[in-house]
Every structure is written in structure tokens, then in C-alpha cells.
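Below you will find the structure I want to go over with you.
Labels run A, B, C and D following the written order; every chain starts at residue 1.
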Amino acid sequence: MLAYALLLSAALFVIGTLGVIVRRNAIIIFLSIELQLNAVNLAFVALSRYTGIEGQLFVFFVMTVAAAEAAVGLAIIISIFRHYKTVNVDRFNLLKW
Amino acid sequence: MGFAASVPGPHLPVQEVAQWEPVLPGLIILLPLLGFVVNGVLALRSAARSSAALRAGTEWDPFAGPARPRTHTLPTWIGPGVMFVAFVLALWNFAGMYGAELHDPVVVRYWTWIVTGNLQIDAAIQLDQLSMIMLLVVTGVGFLIHVFSVGYMKDDTGYPRYFAYLNLFVFFMLVLVMGAGYAMMFIGWEGVGLCSYLLIGYWFTDREKSDAGKKAFIVNRIGDLGFLLAMFLLFQAFGTLDFGPIFEGAEGRLAAGGATVTAITLLLMLGAAGKSAQVPLHVWLPDAMAGPTPVSALIHAATMVTAGVYMVARSSVLYALAPTSQAVVAGVGVLTALLAATIALQQHDIKKVLAYSTVSQLGFMFLGAGVGAFTAAIFHLMTHAFFKALLFLGAGAVIHAMHHALHRADSHEDAQDMRNMGGLKDRMRITWVVMWVATLAIAGIWPLAGFFSKDEIIWYTAAWAGAPSNPFGTLYTVYWLVALVTAMLTAFYMTRLMVMTFHGESRVDRNARPHLHEAPRVMWVPLAILAVLSVFGGWVNVPEPLAESFLGLFGALPMSEWLHHWLEPVTHDAAAIQTAALGEPAYRAPLVGGGEFAWALASTLAAAVVVLAALRALGGRKYVAAARDAAVSGGLRGILANKWYFDEAFDAGIVRPVLAASRWCWKVVDTVLIDGFVNFVGNFTRLAGWTVSLFQTGQANTYAFVLTLGVLLVLGAAVFL
Amino acid sequence: MTDFIASIPPLYEDWVLHALLWLPVAGLFHVMAAAQDRAKHIAFSWSGTVFVLSLGLWWSFDPGGGGFAMQSSTPWIESWGVSYALGLDGISVFMVMLTTLTTPIAILGSFEYIKTRRKAFYALMLLLQTGVVGVFLATDIFLFYVFFELTLIPMYFIVGIWGGERRIYAAVKFFLYTAVGSLLMLVAILYIYFSSGSGSFSYEAFLGADLTMREQLWLFAAFALAFGIKVPIFPLHTWLPDAHVEAPTPGSVILASLLLKMGTYGFLRFLLPFFPGAAQHPTVVAVMLALGVAGIIYAAWVAAVQPDAKKLVAYTSVAHMGFVVIGVFAMTVNGLQGGLVVMISHGISTGALFLLLGMMYERRHTRRIEDFGGIGRVAPFFATAFVITALASIGLPGTSGFIGEFLALIGTFETHAVTAIIAATGVIFAAYYMLPMVQRVLFNKLEKPENRTFADLSRRECVVLGPLVALMIWIGVHPAPFLRRMEPSVQVVLERVEEARTALFDGAPDPGAGLALSPAGEEE
Amino acid sequence: MTEILFVLFAVVALGGAFGVVLSRTPVASLLFMVATLASVAGIYVLFEAHFLAAIQVLVYAGAIMVLFLFVIMLLNLGHDYRADLKYGLWSLLGLVVAGLTAGVLGQAFWGASDTGFRGDGAAVAAALDAAVREQGAAGVIAEPLFTDYVVAFELMGLLLLVAIVAAVVLAKPKT
């Protein structure tokens, strides 16, 4: 079952990557990132059956980081939205050359 | 090396030779400096008032009030006053030295000026027979000119500034003639150049005048370069720049006629040519006439321009060791004398004529110094100081009168152009008489000063031409002939000046004529004193062959060959070296023979004839007033009127190319090449940066894409490899 | 009581160098804490205090054998062998005093010029002073490098914030130009550090590094590039005119008086003693002398045709520093001493010229020479100061400029006659660039009505210029006290060069370099 | 039974994941995300990680997703039905990257001959199960968390605090 769990984890991660690359909506990109994090979490949990409890501990940490990231990231999105009136990341091109 | 480095304590003056104690020699130098400081402060104060008025939109007239402001009365006493005290001190010292039969120079050291590992230069002054003569000339003639200036510059708003500059000039001139080494001399050398610059451009708001000052300074600096390099060579050869060790050791250290001594003397000559306006560096002197006329008398006739002659005479030992340089010096001198005399024939500005006459006479002095007749050169320097100062001051009196008269008549004619003068003798009797005295003196009419001094130079040229082992004998013969011709030209152009100015019909503006009058007493008294000196000044050195004849009043003149003997301690070494190298001079003229007496008599007679002929020929001529006179062009007269095109040649040959090169350096080398390269490097970096910056699309997806790719690359490398 | 008095000098010597170095930093904090319009007075008081303190060096500095005096050393980064080591010798003493004099004068001169962000400006000026003093005092190479780079930052901001129209371009150009050189120098420093094996950055350790000729040449090149850009040597000079023209007056003053000196100081302090072999390599000597001479002539020519007065003076700096370069690479006592005097003299006279130009700019808001004319009529004190300064700048005897140029030239002539002859023509060209400027600004007709209201020097401006003018004349008339204090240290440098020559050329005089200290040459 | 449940959860998780990436409105994406999270929590249970499963549902699916929902509603994003998918070259690039990722992960998980965790899984799992029985699902995580990893745990707290402050500062309208 470990192998399948890892397969599922990889599949979720790939889908998350795809989402980050092809979507324009900042929130959905964000969700995709959460998806990737979850994929990793899944792998951690699955592997914890083979290496020990540390795997699960890390999932705990990842969730905390995800929570912090969500808080700050969403705050940034709100702040940007106020300025641009959109969450379309193609419009946020201040960094363009 | 080995010079103990220690924090200096106070230096007390140290005298090295105690056979005669000079009286306050430092004070002689210090007094004019003091005058400069006081007058300078006064000048700044009056200038501040005038500028404040100007800023308020008005003009300040210092003479408008009931009394002249203090800033304009004090310089009258301070300026000439310090000169008088200095002159008295100089006389006192002269008397002391005269009694002491001094053999070696007295050197007074005040403090160490420059000291490094192997070079020590002291702030020291040297008193010997030569510097004493110069001292007397500078302070004496200087004092008279200061007094004259009181009258001449009376109505000038910059009066205190004028005296400040004049005092400063005398200070530097005294440093020049009293310095105990080449380095000290150089201080004075450049210092007088500075004062010349300031005084030529005294009326600095006039573009032409300040241009002239600038030109004088820069041309002088070309000469100074030679002086500087000569000092370097001297330092390399002797390890010192003091006169004493150099002249004592010269014979031992430098091979006679060797490359080093020739180079040193030629470089010194370059310096002298710059300062003393010798061809081709003479171009600044005629322009220098832009300064006030007493300045021309003091700086550009009597003292500063003779510094070169003094320097050559001072370095007589070195020159005696370098016959080639001597021939060059004499050649430059005689060429200058001839060229300047020819130019003087065609000038209309009274000061320009005198300027070229000065250049020409300086050429004579260099001829004398060049052929080894150092005494004769100094003698001519001295008499020339008398009669040329007199001529300039006389011209100053004329210009002063003309200027006032034209001003009164609201005429804008040129107050210096001789074509606007004529017939002044009736209105300016004293000036007319003293000017004639000076003219006859410079023309070499017996028994005036110029006769004896000029004759001696010409005669020594002839005498050394016949010296048995003189390699340049033929050349000297040519010099002698040219000098004779030039002497005649001198008589002619000076007579022309007198005729155009004082004789004939008056061409002065009709309205201005009634206002012409003699200069005030403060101006003509110095003229009179100088006239006396111009008459008797030559009697201090009547040559022996002439002394017993009627030319020497049958031995009645008490000071026959006096100057010669007086300067003997200074020139003795050089004379010995020269005689050893060239042999005894032949005391008869080359080509045709004849002794000094014969040639002296002949030349004064010839000069007299020229003067009389010129009087006759020019006296009856009608001159066209300047305004209506066409400019002369073409032919010899055109060349002369245009001064042999020296200025034009310099302009085309040096000034323009250097300017063009400067522009090229700036616009091409600096801006295009160097900065172009620098900016290219900068722009290249920027371009590279811009290229890379294209990756910065500003789109989050792109960044995610690239980031993922990068992570995959790293992970892939870890996993697959 | 007498005991107390006797105890002052040693006490003074113990802390004076540290005080000179760190008091400006204390002043910096004071300025930052103060109000905007008090900043200038506070900055002036602090730098003035530093100047007064530094005056004691004149008496307490003992040249002795030419080594460092008042030395102190405390470990700083022990694991790297870096220490906080200060010392003073005959080469640095006048540089330090020049710094402590110039900074308060520049600050005083900027009272009316700097109108915005005054606190920041004066804080930067004080920081700059610490940097420059540190450069001259540090006897630890690492410490030196830190200060050397530290000077860049305040100067960059001074030009970049308070400068003229093209200030950003000028500031960036200045920064990049000098950074390029000093980074190479850092590499060279690290190379010596590691190859010497002493594990120390101290000056002595670097002197002790045993380098082959090949190494010396490369390291010499790196150091020479860093210092050559600072000097600046032709053709590395193009940052200078831009920086000067754009910099505010006090910036120009500090730049010309002090920052340029860091380059030539580096020549004397590091280049010759560290790489005596390379410095005597005939090719190196020939190149350096040629560049020095080229700088003298070229810069004089370019200066002569500048329409902008400030740019003109900037180019004259290049010409003056050319004299230092030839003096140093002549490797004679006279040459080195002359170079040092030129450094001092240039600091004073060019600093004064920039102050004068700044005053002109404050009054007329233009620097173009043709916009002036006849100023001598309305501002006699200004004109007097200007003329004296200009004359000192072109080296008239009796002013400081002459002493320096004369010694540098005579020193060069001893070993490289032709170089000296060509360089001496700079004397003519100096008049060629300076006099027309003086004439077109001060003389000629007072044509432009704007110039009629040109105010004369205020009392503050007299205080600014007075000391400088007095120094120009003092050094010109009585330079011996200065020369005596420098000489032992110069001799130490030369001895080291001499030793290397003995080692390299078996004592035989090298045809390219000539024998430096031969007594007066005998005529063959 | 476990296998069936796993397949069920896996299918829901994958479907939810696709839904997150492909659905047209943010709200739909969010709901799909919740589904995925829930099924992943189910899988946690299958792996005996009961505590994490609970946290996943409570914190992730509950708190964080609600926060997302709040933001979506606050910004009033629901009405914009325009697809914001990037088509064409971009989707191709996305697929390429996805493929590459899959390749790398596949190689990492199954490609290497000896990856270490394939060994004696049964012993570890048995020990873990014993510990869970002894200490309870929370206790088994809590013990190392407050002993070996206490510093990291405290830092987490700090991070959350900073994040809260940052969120407040960033989201506060600038007046």
C-alpha cells in the first residue's frame, strides 16, 4: 500500500505543479501550492510507517507553515487586490524588465 | 644625505665672511615688502568702497569729496618713502663696501628655506660689488620713478593698489639681485614676472591690457623653464645652487667648452631671453606698454628687463667656460638689437618706439655680456637705466599732458600716437630739454652716458674678434659691424621720435592745444635728476685709451675705469678663464684696424651726423594725423611696421597648434576615446544585464515554471546521476 | 604642577590618534540627533575640535628614525590576524593634519551651499573624515582597506544627492571606477596575506612577505591600478572631472584635497615598500613616468580649453598629481619629498580654488567662465584670494606649489633627466591654463549686469579662505619644518628600495632606474 | 477493506485535485480542495495517523480553507466566470513540467535499487502501533514534539505569531 500512497502523492504533486503553472487566479495558484504541500504530507505519513514517528512530526510542522503562509499570502492577495482590483497574476508585472 | 633631521629652532642670521659688516641688508629688501603690505591693505580698503558703490549702482569717485581719502594720501608717503629709506641704506652699505676693499662676497643667511636629503637652499642674500651696483640702480631709479608716479597716477582711482604693486615689484627685484644663489634669484625672477603681469594689466578692465599682461607672464614662463632646467643641471653638477660653491668649483667640475656647461649656459640664456626680451621671446615687451608709463620706465626699461643681463654677468664664470654659449648670447643680442632698431623706425606710438629701443639696447647689453665684456654690459645697464627711465618718464609727462588736454577737449584721439603730437616743445620746455639729453645719450653722443657705455661694448666686440684663439672670430667681426650699424639706427629713430613729438607744427587737436602744459614739479624734478645722471653717469668708467685724450677731458675725469675696477672681484675669474681660452683680446679693430680712441671718435661723430641729418630731413616733413593715416603695408616698411611678423608667426606656429591640440585632446581623446571606452564598458554591462532581465517577465507563472524547472534540474541530477 | 605638565605629552600621544579617528563618528551621532538647522554648527564644532587636537601633532610628532610613532595595536579579528593598529610617520602626519584642517573648512564653506537634508550631509562629511583619517593612520592592511573603501560610500552619496544635474552619472562613475581598482587590490592583499604565511595583516608582516619578481609585478599592477585610479593617473582620470563638476563644493574640496591623496599616499606607503623590486623594474618605471608626464601635459592642455571653471580646476588636479607620480617614481629623496609637498600644496590650493568656485556658483548659479568678467572690480577681496590661490596652484616661487614642483622636478632630473625636462614644460602650460581663466573671471570689462551685484567675501568666507592662503605662503616661504619632519620616513622607503636593488641587480646601478642617491655627479 | 477504502479515497483525492486546477470559479476550486483534503485525511487514518487526520480536517479543511473562502468572498471573486487557464503553449509547458516532475518523482520513489525504506517496514509499524496503544494517538506525537523537537516547536509558534502580525499589517487598508 506504501507504493500506491507514494504514487498518489506524486500524482497530487504533479497536479499541483500544473495548477501553479497554468492558472492565473492567485487564489487558485495558492490552492495548488496547498495541494503540493498535501502531497508531500501524504508521502511523509506513508513513510512514517517505515521509518518512525518523525514523518508525522514533520507533517505537523508543514501544516503550521502552511497555516502561516496562508495567512500572510492571503493578506498579500487582499493588499494587491486593493491596488489592482484583480487577482489575475498576469497583471502583477512590476518585476517585468 | 646625513643632514640631521631635527625640529628647527629659530635661525639667527649667520654671516660667513666677516671682513665687512653690511648694515641691515635685510631691511633693504624688507622695506618695500612692508610698503607693499601697508599699501595693499589701503588698496583693498579703497577697492572695497569702490565696489560697494558699484554694487549699489553708482561709481565712487575718491576725489569728489573736500579732501582725498586717507587711502589715497598715505601711499604718497609710504610708496616713495620706503624706497627712499632703502636707497639711503643701500648708499650707506655702498660706502661701507667701498671702504672695505671687499674681495669675496658677503653672504647673510636668514633661515633654511628648502632642505632635503641632498639639497639645502638657504634664504640668504649676497652682497658684492655687482649686487651693490644693481641695488643702487634699483633703489635709486626706483625711488625717482616712485616720486614721478605720485604725480602721474594722482587721479587714478586705483592709486594705492598701484603703489602696492610697485613696492612688491621692488621687493622681488631686490630678492633677484641680492639672492645668494640661483634658487633665491629664481624667487625674485618669477616674482618680478608676477608684478610685471599685475602692472601691465593694472587697468584690468581693459581686455587688451590684461591680455598683454597674460602674454608677458606666459612668455616669461617659457624663459623660466630654461632657468629651471639650468638649475637642475647645476644641482646635478655641483650638488648646490649657491653662487659661492658653484663659481669656485666651476673650473674644476666642468670641462671648459663641455656639453654640460654649454647646456647650462644656453638654458640660462633662454631664461634671460625671456626676461630681457631677446629675440624671439621679445614679443611681450612692446605689448607690455599697456601698463602705466612709470611702470614701463621702472620695470620694462630700467630694472626688470635688465635682470637677464645681470644674470649672465653673475654667471660670468660659467659663460667664460662655454665659448659657444657666449657666441650664441652675443649673436642673439646683436640680432635683437638690429631687429628691434629696425622695427622702431616704423612705429608711431611713442611708447612702442621706446619699447623697441629698450629691446635694442638690451641686445647691446647681451652683446657685451656675450663677448665677455661683463663690466661693459653692466655699465650699459646702468647708464641705460638712467636715460631710458628718463625717456619713458619724459614720454609719460608728454602722455600725461596730452591725455589731460584731450580729455578737457573731449577728444578721443590717441594720446600716445606721435602723429597726433608735434610742436610740444613750446608748451613743455623742461620735458623737451631732458628728453633731448636722453636722446643724445642713447644715440652715443659724447660726453653723455650712453657714449661711453655703448662704445665700450662695441669696442670689446671688436677686440675679442681678434683674440688669437677665438674660434668665432669671424662671427664676432660680423657682430661688430652689425652693432655699429644698429648704433646709427638708434640715433636715427630717437631723433625721429623727438622730431615727431616736440618739433614741427602742432598736430594736436585744435581744441586741446590750449590745455597742454608742463608736468607738475613732482614729475619734472625726477626727470631733471635723471637728466643729470644721463649726462654724467658715463664718467664712472671712461676707458683708459680715452681718458687722457680730449674725449676723457684730458684725464680730468676722476673715475676713469672705476666701474671696471670696482667689478673686478666679480668678473676677475671669468676674465682669467676667457683669456686663457681665447688669448688676449686684440686691441685693434678687425678688417681695417684702428684703436679704441679712433673708433669711439668716429662713432660719436657718425652718430652726431645721423642726428643732425635726421633733424634736417624729418624736421621739414609733414605728418598726417593718426586718424587719417593709412596703415602701411607691403615692402620693407610694411614688414617693419608689422614688427617682422613675429606675433603672427608665434600665433600660427605655436599658439594655434597648441590650442587645436588642446581641443583635440579634450574632444577626441578624453571624451571619445577614454570616456568612450569607459562608457562602453558600462553600456556593455548594462546590455548584458538587460538581456538577462528578459527572463523577468513579471508573471508569477513564469517564475513558478522556471523555479520548478530549476528544482527538477537539481533533483534530477541527484536522482538520476 | 610641573609633573602634570610633563605628563601631558605622553598622555596626548596615547590617545590622540584614536581621538582623531573616532571623534568625527561621535560628532556624526550628535548631528543625527540634532535638529536640521543646527547640524552645520555641530558638525563644524566637532571637526574643529578634531583639528585643534591634531595641531598638537606638529609638536609632539617626532620623526625619529622614520618608523611609526604613537603606535598602538589591539587584536580585532584574531582568527584572521587582523588588528586595530594605528601609527603615524613622516609620510602620514601631514596628510592627517591636512584632513583635519580641510574638513572643518569644507564644512564651513558649505554653510550656504547645502540647503537640503543637512543632517544627512554633515553626518556623511564626518563619516568621510573618519574614513580618510583612518586611511592615513591604519598600519594594518585590512584596517586600511576597510577605511579605503569606507571613504567611497559617503562620497558617493554626497555627489549623488547634493550634486548637480548629472549627479547620478557622476556618482556611479566615481564609485565603479574606484571600486574596480580597489577590488583588484583586495585580491592582491589576500594573495600577499596567504603567501606570506605569517597569518597577520600587519604592515610589518606584509613587508616581510618574500615575493618573487614575477609575483611582485602582478601585485604591483593590482595595487597601482587601485591607487592610480584614485590619484588619478592619465588615462584613468575621466571620473574626476565629472565627479568634480557634479559634486557640491565641500564634496569637491574633500575629493581634491584628500581623496586623491589617498592614491599617492598608497604609492608611498604600500607600493614602493611592498614591491621595491617591481617598482624599479625598468619597464614599470618607464611606464609610470610616462603616464605622469602625459598627465601633466595632457591635463594642462585639456584644462586650458574648458568652458566650465570647475572642470578646468578638476583637470589641473590631474596635472598636479602627475608631478607627484614622477616624483615618487624617480625614487630620490628630493622626488619623494617633492611629491609629498605637492600633495599638501595641491590639497590646500586646489581646495581653496574649489571653495572660490563654489562661492562664485552660490552668487551667480553658473560655473561657465564666460558668464563672469570684471569681478575684480566688484569683489576685491575675492579677487585677491583668487589670484593668490591661482598663483600657488601654478607654482609661483614663494608659494607652496613651487616648493613641491621644484623638488619633484629636481628629484626626477637626478635620475631621469628627459622626463624632468618634458615635465618641466608643465610650468609653462600651468600659466597657459590658469591665467586665461583668472583673466576672464576677474579681469576684463564688467559687462554683464548680473555681475555688478557680485558680493565680496563675507566674514565667514574670509575665515574659510584665510588659513588656506596663509598656509600656501607659509609653506612657500618656510617649508623646512615640513621637509624635516618628512625626511626620515622618506629615507626609510628609499632604503627599502635600495636594499631591493642590491638584491636584484647586485648593487650595480640599473640602467633604467639610475642611481638615486649618488652625490653630485662629477663631470667626466 | 483497507485497500477498497484507499482506492476510494485516492480516486476522490485525485478527482478533487483535478477539480482544483480545472474548475472555473475559485469557490468550486475551494470545494474540490476540501474534498481532496478530506480524502487525504482518510488515507492518514488508513496509515494509523489518527491525530494527523483529525488535525487535517480541523485545521486544514476547516480553518485554512474557511479563511480562503472568506477572502474569496471578501474580494467578491465569484462572479468572474472567465476561464483563467492558460492555453496553448503555456499548458503544453505545464504538461511538460508535470511530466518531468512525475519522471523525477518516479525515479526517486521506485527507480533507485535501494531506497532504504523498503526494508523492514513491519517492525517499525508494529512498534508504532504498540506506542499508539500505550500513549494514545496524540501522545505518540506529543512526546518527541516536546522533547527532541521542542525548539522547532517553539519556533513554529513564533512563526505563527509573526505571520499573524504580518497578515494584519498587510491586509490593513492604508489610510
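By definition in this document, a contact is a pair of C-beta atoms (placed from the backbone, for glycine too) under 8 Å apart; a residue touches a chain by one contact, two chains touch by 3 or more.
All of these numbers come straight from a predicted model, not from anything done at the bench.
Q: Looking at mean CA positions, which chain is nearest the middle of everything shown?
A: Located nearest the centre of all protein C-alpha atoms is chain C.
Q: Counting C-beta pairs in contact, which comes out ahead: B-D or A-B?
A: A-B
Q: Hey, how far is the Cα centre of subunit A from the one of subunit B, in Å?
A: 93
Q: Quick one: subunit B and subunit D, Cα centre-to-centre, how many Å?
A: 100
Q: Which whole number of Å gives the spacing of the CA centres of subunit B and subunit C?
A: Their C-alpha centroids are separated by 37 Å.
Q: Could you please state the distance in Å, as a whole number, between where the Cα atoms of subunit A are centred and where those of subunit D are centred?
A: Each chain reduced to its C-alpha mean, subunit A and subunit D end up 8 Å apart.
Q: Counting only residues that touch at least 2 other chains, which ones in subunit D make the list?
A: Each of 86, 90, 93-94, 97, 101 in subunit D touches at least two other chains.
Q: If you look at subunit B, which of its residues touch at least two other chains?
A: Where subunit B meets two or more other chains at a single residue, that happens at 701, 705, 708.
Q: What chain pairs are in touch here?
A: Listed in label order, the chain pairs in contact are A-B, A-D, B-C, B-D.
Q: Which part of subunit D faces subunit B closely enough to touch in the complex?
A: Within the complex, subunit D contacts subunit B at residues 86, 90, 93-94, 97, 100-101, 103-104, 107-108, 111-112.
Q: Spell out the residues on subunit A that touch subunit D in their complex, using ranges where they run on.
A: 1-8, 10-19, 21-25, 27-28, 30-32, 34-35, 38, 41-42, 45-54, 56-57, 59-61, 63-72, 74-79, 81-82, 87-88
Q: List the residues on subunit A that touch subunit B in their complex, please.
A: 17, 20-24, 26, 29, 89-90, 92-97
Q: Going by the contact rule at the top, pick out the subunit C residues touching subunit B in the complex.
A: So the residues of subunit C in touch with subunit B come to 62-63, 173, 176-177, 235, 237-239, 298, 301-302, 304-306, 332-334, 337, 374, 376-381, 384, 391, 396-398, 402-403, 406-407, 409-410, 413-414, 417, 420-421, 424-425, 427-428, 430-432, 435-436, 439, 442-446, 452-456, 477-481, 483-485, 487-488, 490-491, 517, 519-524.
Q: Flag every residue of subunit D that touches subunit A in the complex, lowest number first.
A: Of all residues in subunit D, those touching subunit A are 2-3, 6, 10, 13-14, 17-18, 20-21, 26, 29-30, 33, 36-37, 40, 43-44, 46-49, 51-52, 55-56, 59-60, 63-64, 67-68, 71-72, 74-75, 77, 84-86, 90-91, 93-95, 97-98, 101-102, 105-106, 109-110, 117-119, 121, 124-125, 128, 131, 140-141, 144-145, 149, 152, 156, 159-160, 162-164, 166-171, 173.
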